[in-house]
Amino acid sequence: MNTFGQIFRLTTFGESHGPGIGGVIDGMPSGIEVDMDFLQAELDRRKPGQSALTTARKEGDRVELLSGVFEGKTTGCPIGFLVRNENQHSSDYDNMRNVFRPSHADFTYQSKYGIRDHRGGGRTSARETIARVVGGAFAKMVLRQRGIRITAYTSQVGNIALTGSYHDYDFSLIEQNPVRCPDPQKAEEMAKLIAQVKADGDTIGGIITGVIQGCPVGLGEPVFDKLHAQLGAAMLGINAVKGFEYGEGFAGVTARGSEQNDIFQPAPDGTITTLTNHSGGIQGGLSNGQDIFFRVAFKPVATLLREQHTVTADGTPTILKARGRHDPCVLPRAVPIVEAMAAMVILDNLLLAQAYK
Amino acid sequence: MNTFGQIFRLTTFGESHGPGIGGVIDGMPSGIEVDMDFLQAELDRRKPGQSALTTARKEGDRVELLSGVFEGKTTGCPIGFLVRNENQHSSDYDNMRNVFRPSHADFTYQSKYGIRDHRGGGRTSARETIARVVGGAFAKMVLRQRGIRITAYTSQVGNIALTGSYHDYDFSLIEQNPVRCPDPQKAEEMAKLIAQVKADGDTIGGIITGVIQGCPVGLGEPVFDKLHAQLGAAMLGINAVKGFEYGEGFAGVTARGSEQNDIFQPAPDGTITTLTNHSGGIQGGLSNGQDIFFRVAFKPVATLLREQHTVTADGTPTILKARGRHDPCVLPRAVPIVEAMAAMVILDNLLLAQAYK
Amino acid sequence: MNTFGQIFRLTTFGESHGPGIGGVIDGMPSGIEVDMDFLQAELDRRKPGQSALTTARKEGDRVELLSGVFEGKTTGCPIGFLVRNENQHSSDYDNMRNVFRPSHADFTYQSKYGIRDHRGGGRTSARETIARVVGGAFAKMVLRQRGIRITAYTSQVGNIALTGSYHDYDFSLIEQNPVRCPDPQKAEEMAKLIAQVKADGDTIGGIITGVIQGCPVGLGEPVFDKLHAQLGAAMLGINAVKGFEYGEGFAGVTARGSEQNDIFQPAPDGTITTLTNHSGGIQGGLSNGQDIFFRVAFKPVATLLREQHTVTADGTPTILKARGRHDPCVLPRAVPIVEAMAAMVILDNLLLAQAYK
Amino acid sequence: MNTFGQIFRLTTFGESHGPGIGGVIDGMPSGIEVDMDFLQAELDRRKPGQSALTTARKEGDRVELLSGVFEGKTTGCPIGFLVRNENQHSSDYDNMRNVFRPSHADFTYQSKYGIRDHRGGGRTSARETIARVVGGAFAKMVLRQRGIRITAYTSQVGNIALTGSYHDYDFSLIEQNPVRCPDPQKAEEMAKLIAQVKADGDTIGGIITGVIQGCPVGLGEPVFDKLHAQLGAAMLGINAVKGFEYGEGFAGVTARGSEQNDIFQPAPDGTITTLTNHSGGIQGGLSNGQDIFFRVAFKPVATLLREQHTVTADGTPTILKARGRHDPCVLPRAVPIVEAMAAMVILDNLLLAQAYK
């Protein structure tokens, strides 16, 4: 199903080479001023052709709001939106009509649906994430009024990794480089690696770190829909994601409980805080008021600009070489998508928590 | 919300020291023979007191089916079930009524709901997973008719880790040791580590590996509800889970696309297969017919049998020492829970795929 | 699916001659005092054997709460509950194992599921409504704190009908007679008719009127999930219901707009009210602060204590005569069910409206 | 929420005087040939300006498909669509910016959301039903392949009513007159009445009858989501609907069980049929293979072309006279909407039934 969220809901549609990408945002609170500059800026962070590191495709990605806004404010009615596709080179994909690209969804789509739009990957194209960024931008418009800030950055590309925790970095540096890494030195190394990989006609993966600050205590549903389970599902639903961890994550399995428990203590303002935050801001599936932080693993892009063995739809071996314009590494452009998904999860849970007050 | 699944749905209820744990399974296909021995055996794999490695609590955990079964077969009507609590030592928890246990959900529950059942952790107790095991057992009864097998095992405890892939092990050995590890030598080491940790009044985490075999091509929904996003959410919704990865997971971010792509080739039976399975059996969010495998990270249990600093509900610092009977390591008992959640995800998607045929 | 509601949700299970009827209430606000006397009283209003007008079956219908309540208050966790079946005469139904009762669900269940529990109608028994009454009672515990009152009464049996609107009656008289009709004179006539019908081995239908008072402005969702669409679905989901109307309903189709429009005017307290209430308290799908009123049509019970022609499961003509103890008219016992369903709809929408504040 | 359906789902957006009306169809089976002529013809049946009986507004209502279709067939991906608004006279509504139209949703929207788009009724405009007709047209494309036919017609306007059952009419006559009534004589009377009412600046209601033929046995969910409960909710979610009944409906409450039970008998083809169909094709909430028929009551349109007393947003009494172009009776244009909603309900349940096979 193409709907995300429980009471703040995004429903999306669109293929890479069809008329456009769009969606419907349902459950948006009313009376929120719509910041069109911010919305477009978020889309611009995602769009291709931003730098030498990303695909050279040029896409304007201008969003048109079709409903739900009146005199600059949200009305509580669903917000339809559309980003027209343009500058498509569908013929670049003619050779893929009957060929299954390795590690892409061509084979599984064809098997499931018996038909697929092969042009530009159709529905499986990363262009689909445009709709997520729009949904996330609206969520952020509400969250910032509540003092909730969502930040993501590239923390690893290939084997070049940040070694510090998110505390050690100045978030204002993230957008200062095309990799979206808050460590300028590492960013340069990552950029070089991506350029090298691109020159090889190859691709590379990496890790994005996400941080949610200012989240009130008690968001999430404690059994199946733990806040981190919702965040995990949101991230794992992004193309190319292979893993999700929060707090100490996988590394924490080697520590003992006595090393990882977060001791409660009184805060200066009379509330209760924790001495450490190994938990990653969530305990028992509910936010505890500390920063929420998590990491998302992205595999290397499956589209290579070199020859690969594969088969045609009838199982005949063939050789495929992608044409077209592709990203050697999705990380830089995936940063705003990670933020968008996180923003929608948090807003959805914020609204749900209000329901029971 | 306490419901899991889209059209095969489990709704659960129950606290550790209330009358019992139970739930409702809705969307169960009709005409399936109910294997009560299997159902009880699955519960026995989860129950405490199985071995020296787990808590010494004795719980019979006998399940009563309340509906949805007639003359030994499912009727298509919802299956209500109940496992009575027994042998509770509620007074063991008297000192926790007004104290927040570190890294537990006491503080977040109290903040969210303004009230909580502190006895045995109430709803946050791992006893809640009884209902998941029941749901999973029913799902497995259908899946085995379709040739789908779901297996989980402990692959790491603390820093003792299996080094091989799941291919390298004989699954029939898993249930031969109390750790549920298919490598008998490693299992012994793990058991020793757990015993040591227990003697220290401490706890330890680890990793469970899950494998799904025989899954048909095309299960999952390709955008938000990718099959691995659903599996991830299912696993992250289990108590103490901090991370989920599938296929090459986090480790795969350092490889290049040319190293990780799974080349398609014709299979001897005329279908299409892949030369390798770095993808972990899912491409574009849909099962591709190869084995699905994933890893789930569990943190060390938060309940320590030693003194910890913490605060009371009004923020006063205090010292807490847990009484009672607790697991030093949840991994061995979590293995059937991982399987249960996976089974429910797969059946739900199997049914959903049939809807559109 | 056996779940009702969006964020206040009731999931039910149980058959007439199985172990019991029960369910799970999810999304119940926390901190609400549980009024067990009220809960049992609501069940007693529904239970058989109350009067000579209803079936002579004796059922204690004692409810056991299995979770979600601590020291007399709701905790925000799901409330599991169970009413054991007792005093079943399953052998009364032996002759129905392979016979399809006319206008019952035997044939459709058998066709859909390939199996059915024929004893006492199985899942299709009106005993299933026990779970609805429990869910409704919890909803009412919240609603009465908010000043919302829900009342239903029998307004027609066969061709004996109340002629006045709900304004004309004293609601305190409803429970004063076994028909649950606020007009004592008409109630007596209805009772006589029911007794006559019963003596004939026949059955009769009627109409229940429902009234919701004190509902705040703005409940409901304005497009598909209009408040009256939700109320209608709730009522049409009750056994034997054949129609639903609200406000002027079917009768209003002959009037002109100028006769039916409800003119707005200022209320003495500074709010806005309407001069008339032809709309029935809902405009554009949203409650407008006026009383909500609606009518629900029930067909005559399908089970007759006389011979009827029918067929067996293999299509062979046969003659059926019901044994057992049955209601000649469901109206009196359906009154609390109508209230329960209305209460759940209103609470669900009340909570949802709070989410967006 | 603006989504309709469980696994065949329509999500809609759009206001009368915004950029357009549209939506997303999710869960559409793949490989279905898209009949664009049929789709546009369905929209034309709904559009204004068809005849002297409807509003004189001219709207092209051309639909653009934005996704989910490839080379003329559905792909299983969501189908986005958009109908641009045109020929709007927004200034006709300037006087309604701060005035609440009687029996419209202005007051309730303003109270719920604190803001509303007053132009042309905004989201509450009947233009919203364009999206339903598109969704219904796609559903019909699948249903006709399965031999399921859905027909609706005007059976009453004011006090001019058809007296026969649907069996008595030739459905091919329905589209032969602007009222969409299969009795040409009555159609003419209805047309005269509508013309008279229009000349008076007034409005009138009526009843639409719906018939579903060829539906297989077993569609629906037997407890809350009975097939007729879903149909009822679908119809009650249409603007101006005040009542829904099926089978014998309200009239049936005066009959006895012995008069209304539908006796089973063997059918010539070896299946089982019923002698009569008082049940209206649904028993126990599940389709029984007989024709499903129902009736939907529409109130007179609230917009009058004459003066009405009302209040402004701050509660000051005022006098309102609508300008603009309005329908004196919605029945003729509502016929395709009733069909569309029924088609979506049936397809959704058809797919769901397949899931459990």
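Some points to look at:
Note that the chains take the letters A, B, C and D in the order they are written out, and that residue 1 is the start of every chain.
The rule is short, and it goes like this: contacts are C-beta pairs under 8 Å (C-beta built on N, C-alpha and C of every residue); 3 or more make two chains touch, one makes a residue touch a chain.
The structure presented is a predicted model; accordingly, all values stated were derived computationally and were not measured.
Taking the definition of touch as given, a chain qualifies here only if it contacts subunit C and subunit D alike; those chains are A, B. Ranked by distance of CA centroids from subunit C, the top chain is A. Taking B-D and A-D together, the pair of chains sharing more C-beta contacts is A-D. Look at where the CA atoms of subunit B average out and do the same for subunit D: the two points lie 46 Å apart.
A separation of 39 Å divides the Cα centre of subunit A from that of subunit D. Multi-chain contact residues of subunit B, defined as those touching 2 or more other chains: 1-3, 6-7, 12, 27, 30, 76, 112, 123.
Note for the complex: subunit A touches subunit B at residues 1-4, 6, 12, 100, 102-109, 111-112, 123-124, 128, 156, 158-159, 197, 200, 202-207, 217-218, 221-226, 228-230, 232-234, 236-237, 242-250, 252-266, 270-272, 274, 278-280, 283-288, 295, 297-304, 306, 308-311, 315-317, 353.
The touching residues of subunit D, when paired with subunit A in their complex, are 1-3, 7, 9, 11-15, 18-24, 26-27, 30-31, 64-68, 70, 73-80, 82, 112-117, 122-123. Residues 7, 27, 29-30, 76, 351-352, 354-357 of subunit D touch subunit B in their complex.
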